[in-house]
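Going in written order, the chains are labelled A, B, C and D, and every chain counts its residues from 1.
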Amino acid sequence: MTDFLLATAGVILFTVAVGLVRILSGPGDADRMMAAQLIGTGGIGALLLIAAATGARGVDDVALGLALLAAFASAAFVNSAAPAEGPDAADGQ
Amino acid sequence: MSVLQALDIGLALLAFAVAAWTIFARGAFAATVGYVVYGLLLSLVWIRLFAVDVALTEAAIGSGVTGILLISAAARLRGGETAGDEKSLSGAARLFTAVLCALVALALAGVVLLLPDQGPSLAPQSMQHLPETGLGNPVTAVLIAYRSFDTMLEKVVLVLAVVGVWSLAADRYWGGAPGEARAERPEPTLAFLAQVLAPLGILVGVHIFWVGADEPGGAFQGGAILAAMWMIVMMARLTEAPQTNAFWLRLTLVAGPVVFLTAGVAGAIFAGGFFAYPPGFAKSIILFIETFMVLSIAVTLPMLVAGPPRREPRQ
Amino acid sequence: MSLISDLFSIAAIGAGVFFFLAGTVGLLRFPDALSRLHALTKADNLGLGLVVLGLLPLSDSLLAALKLVAIWALVQLAGATAAQLVGRAVRRKGSAA
Amino acid sequence: MTSATLAGLVGAALVGLGLYGLVANPQPLRKILAFNLMGSGVFLVFGIVARKGAAVGLQADPVPQAMVITGIVVAFAASALAVALVLRLFEDTGQVTLNPEAWTKPPEDGAEAG
């Protein structure tokens, strides 16, 4: 069972790695943000599998923290990417 | 080769490849996203090193909060970096640099390989004195009891960094709120996310702080998650960034180090040594200090990310 | 009994890995950003959901199991909102250009 | 080779990689990224020292771990200050460059001496 869990963690990391190669190179910044999202989900999956296989303590809290912060990179991207919108932005220029 | 070893090698290669992407990518934004991805991989590596406390810190600060900081900066700097008058290194200088850096890396790798299998360790000492602190997590004990002086100074560094960031404000903005005035209408999706996430996140942050006494977790990690929740609420425009001359803000910023230092001085008077905790009361004092540290961290990190004041202060 | 729960875990986790693979294939094959986003969110969240489902019988306590479900729910929320946010950014840029 | 040694080797490689980026990348934001990479490489080397100090039932020596935690927080504070400086430079000059000759050019539109 342990080897199965570790092997699936490895497969997930591998598929994530292949996906990363595709979207880190773009073309657009939105694609790149998807890379952060992809590694978030895949990383949490691999983390949970590794934790179940190696029995390391407290790893579920790490996964919980990562899950909480999973959308933050995208939120920061959207928040800063459109500064020229809205009425108030004009007088800052 | 066992499955675990294969997984470790794969993880190491992936982390290294993403790091290399961060250095060699064309655009600054692509490199920044690469760095965020790398931070997440790094917390997996820390799990494999059985350093769960570090993994939690890396997940919350190294990947989460730093990610917000760097991605916001990269998105804001777009366009400025395309200036063609950068003085790039010539090919020969680049090669020379690469060779020198490779030598540094090789020397370090040599040191890593030369380390004895059973290195010198302070683990026995830290376990031996653990009962005196009343804690169950030796990493927390190192941070708040054995090496509390370091941790106190680190809190001071955080305050100094806030002072440094605020000092970059123009004179007329001094004391005002950070961040430009922007669209009042919040992005509805972002507002929804913040409304759902913030209460849950506060719960998780307090949980991670509280279990930190005995399990992996602690003041930094819990405080960083609380900080992230304040950031998402500000990003969603559900609340405004506070004025930097607000008394409560400045008080909370310095509360952690001040309480910590006071406890240290009190130790010198009542327990016979600077930062000594009287036997029997150690755990209560540690939790008291940590509570203020969590508050300070939860306020300091968002202020560092928000940047210098950019609006004139209201009276 | 333990054999049955082990078989359940293996089946669920295996199915989860399949969806991770499907998501990556979608990322590689789909032509534009919005459909890649679609592949990413659908497949990944289902993948993680099945992995969590498979890990549930292996967890030591009820609290640990609840935490696993909470992690999955949070990732669902994050995935859905991030996809919305990034998707809007793509559309905004598309209409401006 | 143990996983700890492997992580240590990655750490060593990261220090080299980060150092190269710090010297060779002209853009300040890239330098900040490179500096952080270098830092995390050093942390990983600490990680292997902690792992090799496993004793008395602990799987890693807590002292280097605590130092890394402190280090991560301090690295964040330094990065935040550096980012604030770069953003201020961009505001004042409309450029993101450390090349002083470029600063003397009139700022582009959108930039305002703040």
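Here, a contact is a pair of C-beta atoms (placed from the backbone, for glycine too) under 8 Å apart; a residue touches a chain by one contact, two chains touch by 3 or more.
Fair warning: this is a prediction, and the values are worked out from it, not measured in the lab.
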{"item": "Dominant interface by contact count, named by its two chains", "value": "B-D"}
{"item": "From subunit B, the most remote chain by mean C-alpha position", "value": "C"}
{"item": "Geometric centre distance via CA averages, subunit D-subunit A, whole Å", "value": "20"}
{"item": "Geometric centre distance via CA averages, subunit B-subunit A, whole Å", "value": "18"}
{"item": "Whole-Å gap between the CA centroids of subunit A and subunit C", "value": "11"}
{"item": "Centroid distance [mean C-alpha coordinates] between subunit D and subunit C, Å", "value": "31"}
{"item": "Per-residue multi-chain contacts in subunit C, two or more chains", "value": "74, 77-78, 81, 85, 88"}
{"item": "For subunit A, residues that touch 2 or more chains besides their own", "value": "29, 33, 40, 61, 64, 68, 71, 75, 77-78, 81"}
{"item": "Multi-chain contact sites of subunit B, meaning residues that touch two or more partners", "value": "4, 48, 50, 53, 73, 76, 187, 190, 193, 197, 200"}
{"item": "Interface residues, subunit A side, partner subunit B - complex", "value": "3, 6-7, 9-10, 13-14, 17, 20, 24-26, 29, 32-33, 35-36, 39-40, 43, 46-47, 50-51, 53-54, 56-59, 61-62, 64-66, 68-69, 71-73, 75-81, 83, 85-89, 91-92"}
{"item": "For the subunit A and subunit C complex, residues of the former touching the latter", "value": "1, 4-5, 8, 11-12, 15-16, 18-19, 22-23, 28-31, 33-34, 37-38, 40-42, 44-45, 48-49, 52, 60-61, 63-64, 67-68, 70-71, 74-75, 77-78, 81-82"}
{"item": "Residues of subunit B that touch subunit A when the two form their complex", "value": "2-4, 6-7, 10-11, 14, 17-18, 21, 25, 29-30, 33-34, 36-37, 40-41, 43-44, 47-48, 50, 52-53, 55-56, 59-60, 63-64, 67-68, 71-73, 75-76, 180-185, 187, 190, 193, 197, 200-201, 204, 207-208, 211, 215-217, 221, 225, 228, 231-232, 235-236"}
{"item": "Contacting residues of subunit C [partner subunit A, same complex]", "value": "6, 9-10, 13-14, 16-17, 20-21, 23-24, 27-28, 33, 36-37, 40-41, 44-45, 47-48, 51-52, 55, 58-59, 64, 67-68, 70-72, 74-75, 77-79, 81-83, 85-90, 92-93"}
{"item": "Subunit B to subunit D touching residues, read off their complex", "value": "4-5, 8-9, 12, 15-16, 19-20, 22-23, 28, 31-32, 35, 38-39, 42, 45-46, 48-51, 53-54, 57-58, 61-62, 65-66, 69-70, 73-74, 76-77, 80-81, 83, 85-89, 94, 97-98, 101-102, 104-106, 108-109, 111-113, 115-124, 126-127, 138-139, 141-143, 146-147, 150-151, 154, 157-158, 160-161, 164-165, 168, 170, 173, 218, 220, 301, 304-305, 307-308, 310"}
